[in-house]
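Naming follows writing order (A, B, C and D), and every chain is counted from residue 1.
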Amino acid sequence: MDLGISGRTAVLLGSTRGLGRACAESLAREGVNLVVNGRNAADVDETVGAIGATFGVHVQGVVGDSSTSTVQDALLVACPQPDIVLLNGQGPSPAVFADLTEQMWSDALRQALTGPLAFLQRVLPGMCERRFGRVVAISSAMVKSPNSAMSLSHGSRLGLTGVLKGVSKDVVKFNVTINQILPERFDTARQEQMAQVVMKVRGVTYEQARAEQVASIKAGRLGQASELGDAFAFLCSAQAGYISGQNLQMDGGSYEGVF
Amino acid sequence: MDLGISGRTAVLLGSTRGLGRACAESLAREGVNLVVNGRNAADVDETVGAIGATFGVHVQGVVGDSSTSTVQDALLVACPQPDIVLLNGQGPSPAVFADLTEQMWSDALRQALTGPLAFLQRVLPGMCERRFGRVVAISSAMVKSPNSAMSLSHGSRLGLTGVLKGVSKDVVKFNVTINQILPERFDTARQEQMAQVVMKVRGVTYEQARAEQVASIKAGRLGQASELGDAFAFLCSAQAGYISGQNLQMDGGSYEGVF
Amino acid sequence: MDLGISGRTAVLLGSTRGLGRACAESLAREGVNLVVNGRNAADVDETVGAIGATFGVHVQGVVGDSSTSTVQDALLVACPQPDIVLLNGQGPSPAVFADLTEQMWSDALRQALTGPLAFLQRVLPGMCERRFGRVVAISSAMVKSPNSAMSLSHGSRLGLTGVLKGVSKDVVKFNVTINQILPERFDTARQEQMAQVVMKVRGVTYEQARAEQVASIKAGRLGQASELGDAFAFLCSAQAGYISGQNLQMDGGSYEGVF
Amino acid sequence: MDLGISGRTAVLLGSTRGLGRACAESLAREGVNLVVNGRNAADVDETVGAIGATFGVHVQGVVGDSSTSTVQDALLVACPQPDIVLLNGQGPSPAVFADLTEQMWSDALRQALTGPLAFLQRVLPGMCERRFGRVVAISSAMVKSPNSAMSLSHGSRLGLTGVLKGVSKDVVKFNVTINQILPERFDTARQEQMAQVVMKVRGVTYEQARAEQVASIKAGRLGQASELGDAFAFLCSAQAGYISGQNLQMDGGSYEGVF
């Protein structure tokens, strides 16, 4: 399927590892030139090199925390007029609700709510003017089925979900779409870490911890990052312009609710 | 993007015109062999001929009402082991709630609920056994925002939505996914008919009737059938196996709700 | 709290046992005159006698299946101008999806979809004319989280949910509200039966079967029918006229989804 | 209806005017002793006096911004063990998405998200220990149908919605429920202000501005604060212990979505 975006440019926040990296690769495969971003300079360098070599597109890298204005400046210097934007970043860590502090909230909300929105404010006007824009945020399945240990995450991300939905209604008439992907349990470093946490807290083996992750997914397996990357690429395609304000769950069919 | 389904087979209910036809074309472009279906023999013949000639895949046609067991028999004779199934059909007509009769309900429920489910009962076991299946139903945006004039439609289709969701939870572990697309106002014959109705009922011109359709969509335009066809093809792809139980709205960003 | 409905009249479908009976008692306590209904004559007689004696309101009884036009005629002879209507009835039995037949669907849809709607068609015009109406349907928690064994139930009830929502938009301007209550695991005869089924199928003791029911509810207990009765009465109150089109879950906080 | 809460104690944030005040009155009518709160000392005094005189319950007042720890301290000195808590406060003002600043977000999130949660952290453990608690937040209809001009409001409030839902799952087993009411267009000072804004911005008359408010509600009228107060009181009742994690829309039936 020709996605009709060859030659377009994308700024991808948080795209050197895991799901974000897969998004970068799926876009590069379609001929999209990229600005990738991550906090670790070596990761950024490796990503720039590998994707450029493999897919032959133009790739730049910006190192740093994308929720800060300095890094956002650098991203827009590298690519002043992005056609495609990925809003992605490391999610807040689990924490007991009773232990949450003002500082933890402040950090989480900047990372997952106000930081991404500040970047969106900067790119939307140009997208509307140029009559093309594809914004996709990687959120979390938990925004539709919250549990208290992840309050920092869904507290911030549901806020983002609502704001993106409201804004999407204003810009879709300019062929600018805003959608979210809601992943659950992909086979990335994050699930490795989660397994390590479970091993320590509950004293189970690595194999047990991983088996429990698989058992929690109705599909009977974890998701592959490349699957999410391709779904992302489809939502960025020329022919996805009639799809906006959607929250696509990628959870191996696990969500219980009808909507 | 390679959807990984070249050489697969699909049975597509209601696929000679409009959205269903676009689904057939998008699959054929990916190298999927098809059984198409419609009530009108000439339409079926034309579809078989045109798609075969254009895309070079194997196309068979079955004429008749796909909610009947006779036609379902014929479809499964033509393709006993489909990998992909499209559940689609003409939607029930608008009607005032106070005027609905038992007969009208009985017809609508057979067309849009029990007929499709009977076909699903016949194809699911094989899909599960063969560890691959992609079922997509074309529903309606109205299942999420019902209005009383379309009670026959969303009364039947919400029932289908619920049953498909429940069943999807059982089969996703066999790499069989079940999703729905919820379209609103695509540029097909149906919107032409709707415009004719509005012209008669309200005495407006054709141009006014069409302009009102466009004005009701936040994207400021009607959807193109090929856009829906490509979204359908993506949901049928090999890499969409982690997406199940979803209701993807294709409505130009018009739905008001956050979820 | 004064619900402001003393002296009003209500027709309550399926109200001699369990949840429906509790609805009857909660309304009678508020001084509402009732027509109760059930399939068993002795139950109807007992209900009429007991409620009349306890609450001093006028109570009539109609025996029979409320989804038939004969019984609907009798209900409206007993009370031609009801202010309040309860749509309730025995839910369809569990069944394996693969085993569902046309006949099973036809029965379920009449009981849980078209039967109640036919009654609604008869009472709504008068409610609108008199500028007061409270319609409440007892649905099921499963309409929001379907599982395939209950396809007959949520297939029918989601249809009803959608139609009621659509119609509610038309009539709320006449001070006629339509809402649903979505119960899960109340301590009624139905959960007794469910326990018996589980005992047979899985060979567990009665105590185990009941304990599993309790364990499935986040509140750590089953609901009491009188709790649902009072929620129903509140939705029927004069001061609930600004609440319409709602689906109130009474499930001990068990639903996973945010909406 | 006897709500079974006479003699209980409640701390009501933001309860001297409008919807919060109505909540205070509905609880007082049921014999609940209150701590009321508002930013204006005269309002607090008047509320304490009027409610005490009218309903004969014990009423205390705490002046100040309830999102600050000082005021939260004072509220818990006045009532160290509340049975009932109302989370309510002035909503953030409308603003164009492009104009939102970090400071505006920081203020809105403290008022409508982290402030209320900090108070919840302090009262929940006692409620769980005492095996009774009713927490209700007054949110906004917009959390289910966001528009960009209210991003500060639903960005914060959707976050709160998610966190409350997650936490509700943990505490319902202790007979502690957490629910939200989602109001739209009640006849309070807020709609007066909104009308003034519309008059200035669009140059319409007061009558036109008010008429447009009414026209936006399917019920054909604004809500009365006392209606919301009574719904709040019902959610605080003894018999509402099986209802938790719900978002009850009070919008005159206006929401378009089925769920």
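The rule is short, and it goes like this: a contact is a pair of C-beta atoms (placed from the backbone, for glycine too) under 8 Å apart; a residue touches a chain by one contact, two chains touch by 3 or more.
The model shown is predicted, which means the values in this text are computed figures rather than measured ones.
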*Name, by label, each chain that touches both members of the pair chain A and chain C.*
B, D
*Give the rotation angle, in degrees and rounded to the nearest 5, that superposes the C-alpha atoms of chain A onto those of its identical copy chain B.*
180
*Please state whether the interface between chain B and chain D is built from the same residues or different ones, using more than half shared residue numbers as the mark of same.*
same
*Select the chain at the greatest separation from chain D, using centres from the mean of Cα atoms.*
B
*Roughly how far is chain B from chain C, going centre to centre by Cα mean, in whole Å?*
33
_CA centroid of chain B to CA centroid of chain D, Å_ = 44
*Could you check chain C for residues that touch two or more other chains and list them?*
143-144, 146, 158, 161-162, 165, 169, 255-256, 258-259
_Touching residues (chain side chain D, partner chain A) in the complex_ = 97-98, 100, 102, 105, 109, 113-114, 117-118, 121, 124-125, 143, 146-151, 154-163, 165-167, 169-170, 258-259
*Could you please specify the touching residues of chain D with respect to chain B in the complex?*
143-146, 158, 255-258
*Which bits of chain A are touching chain B when the two form their complex?*
1, 3, 26, 29-30, 144, 161-162, 165, 168-169, 172-173, 175, 177, 218-220, 223-224, 226-228, 230-231, 233-234, 237, 239-253, 255-256, 258-259
